[in-house]
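For reference, the structures are reproduced in the following blocks.
You will see two complexes here that share subunit A, one where it goes with subunit B and one where it goes with subunit C.
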Partner chain A sequence: MSEVNGCNLPDDLYYWVEKHVWAKPEADGTVLVGMTDVAQSLAGKIVVVSLRSLNKTLARGKSAGTLESGKWVGSIPTPVAGTVIAINEDLKGKPSTINEDPYGTGWIIRVQPANWEADMAELVTGPSGIEAYREKLSADGIQCGSAS
Partner chain B sequence: MDETKKYLYILTTGPEVAYRSASPFFLATTAALMDHDVSMVFTIKATGLLKKGLAETLTVKEGGEGSNLQFFIDQAREAGVKFYVCAPSLDLNDCTVDDLIENDGVVGGTAVNEMALESDVVITF
Partner chain C sequence: MRYLNLGTVPSTYSQAVYHALAESMATGSEPVLVTVSPEQPYVCVGYHQLASREIDRDYCEQQGIAVGRRMVGGGAVYLDHDQIFWHLLLPSYTGTVDALYHEILKAPVLAYRKMGVAASHRPVNDIVVGPRKIGGTGAAQIARSTVIVGSILMDFDIVAMSRVLRVPSEKFRDKMVQSLDEYMTTVRRELGNAAPSREDATHLLVQEFAAALGQDIHNGFLSREEWDLVEVYAQKLFDPDFVYQGERGLVQPGVKILGDVHLYEGIYKAPGGLIRLVFRTRQDVFDDVALTGDFFITPMDISKIERFQQKLVGQPVDDALVARAADELLKQITIWGVTAENIRQAFLNAQALETSTLSSR
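Presenting the complex of A and B:
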């Protein structure tokens, strides 16, 4: 786990830095998707999560749902194209789980990817990925706080 | 399969009832963020919400946390929501299109009806 500007960034995830979303390929070929610590910090306490229904097919960058925190609302652009095979139902009852554990129990959707190899090439990971995120945070002057 | 739907929000209430001003923009934003095609039509007194310099000073909730309408307008525009102004309402609000913030055009009554016909969802405020 790396820490950049107060934001936690696991080294093994694949990031779409501009959108503040992560992807995690799993052994069964599916990909888990969630929002980064940066996203939840920027959003503040999340009070509503609305997710696409199961079995929706999403192109990369299309909205998997929305997050609301009071007057703010933002989309959840999926970093991987494919079919939504699971959504995190627990978030409906406790949306702030995304604030508290964005890389664990705060995961958002599980996708059966259409072409993970192609999407993976568009994401960053490992030390170079963390460095890319560092540059983004510095450029935008983002500092994570304790939103939860 | 393209699941994009057309949403049309028709607003009639203006700055005279500030607490009614933000929700339409918020709802339109959420629809746009779900990748739908979203338009807002401003008619009757709602056109007044788009007057330059107004939204920054229009407090949505008196005594609240101080949110002004500009926040909600910016959020909607960033999400891709389109703003259309009803032509006859300009005179009703003593303004011209030049007095309004950036928008996507002035439309007449026929056009509004056609927009409603072509939309999957029409919501009025």
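Presenting the complex of A and C:
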């Protein structure tokens, strides 16, 4: 886990830094998708998450769902194209899980990717990925704090 | 910055316009500011609200009051021509939500001050005059744009607002009117006959937006394509299928009056009759309490009930305190078939969603 400007960034995830979302390829060929610590920090305490339906086919960048924090509404673009094979039902009852554990229990959807190799090439990971994220955070002057 | 002064437009357009502009906004284009008011009153629910839970749909339909859903969060609002809506669209905002409000709300706050209203920004997104809120604001990411919206509240029809909302009882509605009157204000209320005209208020607002963003303003018009998209959104946002669609998430007990002020009603059916506890909280402290119902008390001394209510005001919102106050009350009077535990249960029911008296239509 790296810490950049107060934001936690696991080294092994694939990031779409402009959109503040992550993807995690798993052994079974599926990809887990979530929001980064940066995203939850920018949004503040999340009070509603509304996720797309199961079995929906999403293009890369299309909305995996919408969320509402105290004072803001936004969508969650998926960094990977494919079919939604699972959604995190627990978020409905406790949306702030995204604030508390954005890389673990706060995951958003699980996707059966259409072409992970192609999508992966558009994302950044490892030390160079963290560095790319660092540049983005510095350029935008973003500092993570605890969600209030 | 491109400025669109749309004046007065059909209600549905007044909400659709910023959705359409957000969708058609290209990356790298300049910010857009819109001011507009609706021709007719209407109701607008937040993006994630359950409209059927919040709105008295039958009443709105009978009265011909349109109901729409915006792609911005927050609660149900009653909107009419006495409000000057402002919509600001930013093509590339990257900061926090708190910082966005901090920067942008300077404009309406300074505009109010130039009118003579002592407004200030109370984070995250309230504009207040002392303890009272003046107008609402909200923000969203729509397509590639960051959209922040609000209104200059020239005047406000509190009774009309309380009527379009779905409330558990008339007692609750009375308390809502009283609470809005206590916690809301308007330009008219603050300034009386010295209130500026709509045109002057709009002009001040636009000037302050230009200053806050450090941008020159140039007047523009909606293009044919943009009007077409406004029409599309006007249909979509007010389509009953979209407004009253199934399950969406924002379900919270009580009704928010402003920031940290909420109004609740809890019901408990005790052997001796129905207990209705209506209470308002402010910063998690009882702000107002009313215990009513169809029970009988002996001796017939209402002052004891009033004392129970007053005892709770200023105390933390806590069921043990309610039970203790109820206990003391029942040592002074007898409420047939009602125990302190029953009163505590009415309080707990007010805060529990599953027993909320606001059920879906």
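Keep in mind that, in the parts below, the second predicted complex is superposed on the first by the 147 of 148 C-alpha atoms of A that agree within 3 Å, B and C clash if a C-alpha of one lies under 4 Å from a C-alpha of the other, contacts with A are read in each partner's own complex, and residues count from 1 in each chain.
In the analysis below, contacts are C-beta pairs under 8 Å (C-beta built on N, C-alpha and C of every residue); 3 or more make two chains touch, one makes a residue touch a chain.
This structure is a prediction, so every number in the text was calculated from the model and none was measured.
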item: Fit or clash - subunit C, subunit B, common subunit A; value: clash
item: Contact breadth on subunit A, by residue count: subunit C or subunit B; value: C
item: Subunit B versus subunit C as contact partner of A:24, first or second or both or neither; value: neither
item: First (subunit B), second (subunit C), both or neither touched by A:142; value: second
item: Which superposed partner A:63 touches (first subunit B, second subunit C, both, neither); value: first
item: Partner chain(s) touched by A:74 [first = subunit B, second = subunit C, both, neither]; value: both
item: Subunit B versus subunit C as contact partner of A:42, first or second or both or neither; value: second
item: Those residues of subunit A which subunit B touches in one complex and subunit C touches in the other; value: 50, 66, 68, 71-75
item: Subunit A partner contacts - residues on subunit B that touch it in the complex; value: 1, 3, 22, 26, 29-30, 33-35, 67, 71-72, 75, 79
item: Residue numbers on subunit C that touch subunit A, as the complex places them; value: 46-48, 71-74, 94-98, 101, 124-125, 138-141, 248-250
item: Residue numbers on subunit A that touch subunit B, as the complex places them; value: 50, 52, 56-57, 62-63, 65-66, 68, 71-75
item: Subunit C-touching residues of subunit A, taken from the complex the two chains share; value: 41-44, 47-50, 66, 68-75, 92, 95, 140-142
